[in-house]
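Same chain, two partners: chain A is paired with chain B first, then with chain C.
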Partner chain A sequence: MMDFITGPLFALSLLIFVGGLGLRVILYIRGLDAKLERVAYNFHFSRSIPGALVSIGKWLIPGGTAGWRKQPVAAAAFFLLHVGAIFVPLFVLGHTVLLEDLTGISLPSLPGELADVLTIATLCGLVLLVARRLTSPALRQLNSCQDWLVLAVTILPFFTGLMASFDTASYDTWCILHVLSGELFLILAPFTKLSHIALYFMSRAQLGMDYAIKRGGATRGGAFPW
Partner chain B sequence: MRKIVICGLVMLSACLSVPAIAVADEVERIPITFPEIKSPELPPVFFTHEKHMEYVERLKGDCTSCHVETEEGMSPDFLHIKKQPADKQVAYIHAACTDCHAKANAGPRLVECRTCHDRQVAQAQAQ
Partner chain C sequence: MSEVLCSPTPVTTKEGIHALLKDKGGEEYYRQMKNLWVDQVALGRDLERTCKSRTRTWLSICAHCAMCADSCFFYKANDNDPKQIPSYKIQSTLGEMIRKSGRVDTEFMINAMNVAWGQCTCCNRCGVYCPHGIDTGVMFSYLRGLLFKHGFVPWELKIGSGMHRVYGAQMDVTEEDWVETCEWMVEENQDEWPDLEIPVDKENADVMYILNAREVKHYPEDIAKAAILFHVTGTNWTVPSKGWENTSLTMFAGDWEGCAQNVKRVYAAVDRLKPKMVVGTECGHAHRATVVEGPYWAGRDSGEPPVPFLHYVEWVAMCLRTGKLKIDPAKKIKVPCTLQDSCNYVRNHGLGKITREIMSYIAEDFREMDPNGDHNFCCGGGGGLNGIGRYRNERNVALKHKLEQIKATGAELVISPCHNCWDAIRDMVEVYEEHNLKWTFLKPLLVDMMIIPDHIRHNEI
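Then we have the complex of A and B:
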């Protein structure tokens, strides 16, 4: 059981994740239409590249954009979720030890307590986003099955990983559930809104280029107030 | 119906008693003395040396599955661990322990960290 889910099934999930997201990025770029969108993507690189980078960067800073400042609660939930969601899977000890065994690459690892705190923050962020989906009138109009699926698929690996790290009497079960739920996340990512893991960078870059090339953003050094 | 209920209760109590048995295990264990860990991040491993001798016998191996013969006799070190650079020793012992488990299709694999780094075992040993 363990050998299968950490061997062939893991390789397959990773392939689907990396290959699938790579394909989504290629399709995104091929779907751009300079005429339709009236953006000369292939010209003015000296303006458009800084514009793209600024747009990607500003949304990664808490309160960095008007969009974040307008919705402080959603923004707080978002950052609670994403800080742990990015750093814990990459740097938690259980993963760095396995990575070193598989590839020989040795990454620094998070202290156990910090990993626990970040994971709990991630889970709190996710619960807040669930609450927001349930209460916000605008979101209640928009909610689809996929939104709930994406939230559930994200909660599972963090919850089962935290439970496994507590080393309870059912450690083996939590371990297996953690591996399976992590793989479910990897497999579903390219086919759901989780594809924003890669497409965030594409759509922010596109908009950043748009503003920098034709809406005068460049005259403000790549930054724009709206 | 009564039989089913009794059966269920027996099974339930069996399930509940499993952790209790696991806690009170009286297996002989030795500490791993090398590499020396200055600030451990996980509970230290206490190795079931006696039992592993049975395990390797079953696999048609012997002491040399884990100890190297030298001119002065058998080394008490685990395989070639002392020849590894300091920052690779933990990775070496991880790979060496779990390679055998994978080949034997028995024993914990590397993902199951806390089967080896067992908090309850380490606490019992510390007493």
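Then we have the complex of A and C:
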């Protein structure tokens, strides 16, 4: 069982994740239309590339934009979630071993205690987001099934991973659940809002370029002050 | 059987415009709309052809996080009504239309129209507050285009689009009316300014001036003031007899074909008269339609107009900076004043620093609104909303937000170099009876406070 889910099934999940997201990025770029969108993507590179990078970069920094500063609680929840959600899956020891076995790529690994702390932070972020979704009238107007699905699919691998680390008596069960839920996440990512893992960069780059090329990039003096 | 007033066909004749104008308030027009058939196959095809990866990605990755809610003045002015969240507004209209591949009914289209024009001014502020960079204003503009094509457009904008297509201007101002107005304004001001002229169709001038048909029809003194300022600054300038209209109600209407016709008329005047630069009047959407979006409608791949096109504020700042226009320090604005940033040329064309540079020359007690510049709030009447009777209540509620922002500065005067913002401020003063608040364009202020050089003949009247 474990061999199968950490072997062929993991390879397949990873392939769907990487291939699927890669394909969405390619389709996104191929679908851009300078005439319809009225953005001269093939001109003004000297300002469009910095514009794209600033648009991506500033939103990756806590407090880096007016949007984050205006809503510190939501921002805290997002950053708690995302820091762990990016670093733990990539660098936790078990994963780096698995990845090296499968692909030969060797990544440095996080100390176990730090991984636990980041996982707990991620789960706290997720709980805050769930609470926000349940209580805010604005969010209740917007909630859809997919929003809950995406939250559940994200919570599961972190929760099971943490349990595997702490509840050593049932290690095998938690481990199987962890691997399966992680693979579910990988498989669903390209087909759901989780695709923002890659499309965030596309969408932000596009808007940054839009502002830099057309909406004042030549007159504002510098990139848009997000 | 009464005449067909509401249909997907744009208005292209004087008779068509008159028929619509006769239908006061669009009563019959909106009655007919309730029975307007939706060509679902054509709508599906339009979506297939024009709704590409950018829009589809925006709609599909929207995390429903509600970060956009507080960025929208409609949401704030309507006591945080969840139905006014930009994400909800676009998902329940364009989003639903795409999910159904255009298989939507008349009722759906009328609701989409009410939201696209009555609950969004395409100010693009929400796009600045979305972590994913989702610009709902851009999507609403796209939705307006689809709705226009299928006949679901507010009555006034159907007329506005028709005016542009028939008269080449947003109002029924003919070429003769326009040239005569120029002559009249010269005559009217000749006693005070004996050498004043408004040169029509002069080739190779340094500046070609283009404006807003409202100025010709309702505020001709604005043209006189523009002429006086060009005269006093020693500018070699001209106005075109054709291609003088800078505005584009077609842009508000989502009439992309009409938009292209407008901008091509202006660019043709540039080709004909070969000015070094073009200066447009104090109007926000006109600048966006001719300078920001216009090059694309005119088929210019680089997205740049054929020669530099300056907004009026850019020209004024240049004159102040170079000393061509000098301000009498004794006549600077003494009362506390603030500045309304037009979304169309500040957030969407980066001219916020330019307008503040002007303030540094003319105002002694300038106070910023909070927020301001690129993060400003819409005046409440942008995107065509000021002119649509059907959404007057929605507009008046929305105005409250800007009024509170203005009052918080303690300013007694709002400088508003944009026709739409100017109208919105005029209306909020009236609706909410804030009679101590004054509002103004830049031109009258500048004419009153400039130092007239010795070589310019001027008689005090």
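Keep in mind that, in the parts below, the second predicted complex is superposed on the first by the 213 of 226 C-alpha atoms of A that agree within 3 Å, B and C clash if a C-alpha of one lies under 4 Å from a C-alpha of the other, contacts with A are read in each partner's own complex, and residues count from 1 in each chain.
One rule holds for everything that comes next: contacts are C-beta pairs under 8 Å (C-beta built on N, C-alpha and C of every residue); 3 or more make two chains touch, one makes a residue touch a chain.
Since we're looking at a predicted model, the values are computed, not measured.
Steric overlap between chain B and chain C is absent once the structures are superposed on chain A; the two fit side by side. Touch criterion met: A:Cys175 reaches chain B, while chain C stays clear of it. The larger set of touched chain A residues comes from C, when the choice is between chain B and chain C. Rounded to the nearest 10, the superposed model shows the Cα centres of chain B and chain C diverging by 180 degrees about the centre of chain A. In the overlay built on the shared chain, the residue A:Asp147 is in contact with chain C alone; chain B does not reach it. Of the two partner chains placed by superposition, only chain C is touched by A:Trp59; chain B is not. In the superposition on chain A, contact is made by A:Asp167 with chain B only, not with chain C.
Once the two complexes are overlaid on the shared chain, A:Leu98 sits against chain B while remaining clear of chain C. In the superposed pair of complexes, A:Leu134 makes contact with neither chain B nor chain C. After superposing both complexes on chain A, the closest C-alpha pair between chain B and chain C lies 33 Å apart. Residues 18-19, 22, 41-42, 87, 90-91, 94-95, 98, 102, 105, 109-115, 118-120 of chain B are the ones that touch chain A when the two sit in their complex. Interface of chain A with chain B (complex): residues 2-3, 6, 93-94, 97-98, 100-101, 104, 106, 109, 111-112, 164, 167, 169, 171-172, 175, 179. Chain A makes touch with chain C in their complex at residues 27-40, 42-44, 55, 59, 66-68, 70-71, 74, 78, 136-144, 147, 193, 195-196, 199-200, 202-204, 206-208, 210, 213-221, 224-226. Considering their complex, residues 50, 52-54, 56-58, 60-67, 69-71, 80, 82-83, 85, 87-88, 91, 127-135, 292-293, 296-297, 301-304, 314, 347-354, 371, 373-375 of chain C touch chain A.
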